[in-house]
């Protein structure tokens, strides 16, 4: 884990796929794996989204919730909700996916900024108490990610 | 090679990326590797487009020309030219890519239909004389594809 | 975890590579990942030994100890200590490796039999209290293995 | 192809697996893919031997013959014929494999020296006329290898 624990900023999003609106506050008590991605980011497609599917399949949803965050900061016109929906269908993403909000004409999305993200993919681990315990930009190996999630799941 | 040689139908496309308009007729004398794909087709993204890049890097362009054919038969609204352009940029596709034409409201694109394609990815090999010599739906191993292309390149 | 906890049988081995003699009793207090393999078992070479190296690199040795167990039940004449030593050198295995004992002319090694192993690779997880908590024959995905080890490491 | 054509030195070997004794002279008329390896060389095991199996499965044996050359220049005592036989069995190598000869106490094997090899894996391509047309130390991509072999097979 590389981050000093700090309260996880709430998501500020405009739309959800695969689920009704969710909030981190409402998921308190469970570990949240927040996978921030863009549908046209190659290493999101090849690495982090397949990994997020494996996480959802490996851990019990009583303990661990996987959320996608579609957080577009470039090529906005190519990655709108209609495109994302087709992408999620074709890639069989079945976990809840939130679409990050844009304020006015700011190209940087709101939740992305709140978390101080540097790009995609970014994987954020939020513990049962709602604290950010790890935030990693780029690829995380499966072995380390499995260990980090399980360590948080073991906290009561 | 699995196909009886037959004249390769000409491309009927609306737009080109990475090149001015090209025709198969104009490429006569060289082997053409035509990679038909959709930008939201997972095995195109993970397998056949990276393979097409390797083909372009392995063979001399004097002998072998790689062409992409974006041939959308589903999720049309998610895979328009603007989206394709961003996709090609992010995935560093630098070979010429043609956008297949749609007649009126027919969801099946014209060139796709002319070739009797069944889906994407489809890899078509056209010999120096403009004959289709192989057409494969799905993934082709690198070793076999390299051999097929080289066999056509060796014909004079 | 798929096993009812039961005391881990002590190792009965003839020789150690990369370390002086070790015992499970002496490692009490730490999680032990026991990787049973044969140097000529293809999926040991391609999957489980590289995974064991990743485990050793991912977890602190204060919490988790990786041990190899070379447990030969076929091709005995091809996998003696001299061969194993060359194999470990070429594959850069630096964690301690024990050579399982053979009684008289029984082709099945002693430790292998004590654990009721069915073949190689077999990955055994022993908790801090010396109980077998999981024993898996065949390949285990990194994500699940990382989670299982971390869950045991979190027990105090 | 990176080599000036030169006559392929004849093999000087002590033993054959999977076939009676063969000579390059006797294979004249066909393309020979000579895969030089050591059974404890990691990239031979992970890359070049699986590739050699794919080559044997992809090309017709009327045109292309795959030969293994076990050419041991280190850890001699760990890679004798008994070990090699077990290795070939476990890895399901079914193409003919020759064991390179050692003169007296020279650690460098005879055929290895004749070809001026620098290590393993080395892949040598011999054309239908018995000329070395390519010799590559290290990993060769499938696409390039398939193309090189097919180009030689196309020569009559």
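Lettered A, B, C and D in written order, each chain numbered from 1.
Everything that follows uses one rule, which is that a contact is a pair of C-beta atoms (placed from the backbone, for glycine too) under 8 Å apart; a residue touches a chain by one contact, two chains touch by 3 or more.
By chain, with names taken from UniProt: A, B, C, D = Thioredoxin domain-containing protein.
Please read all numbers here as calculations on a predicted model, not as lab measurements.
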Numbering shared by both copies at the chain B-chain A contact, with half separating same from different: same
Matching chain pair for C-D (criterion: over half of the contact pairs shared, by residue number), options A-C, A-B or B-D: A-B
Inter-chain centre distance, chain B versus chain D - centres from mean C-alpha coordinates, in Å: 36
Length of the line joining the C-alpha centres of chain A and chain D, rounded to whole Å: 49
Per-residue overlap in chain A, given as positions that touch at least 2 other chains: none
Contact graph of the chains (line, ring, star, complete, other): ring
Every chain pair in contact, whichever chains are involved: A-B, A-C, B-D, C-D
Footprint of chain A on chain B - complex, ascending: 40-42, 45-46, 74-75, 77-79, 82-83, 85-87, 89-91
Touching residues (chain side chain C, partner chain A) in the complex: 51, 54-55, 58-59, 141-151, 153-155
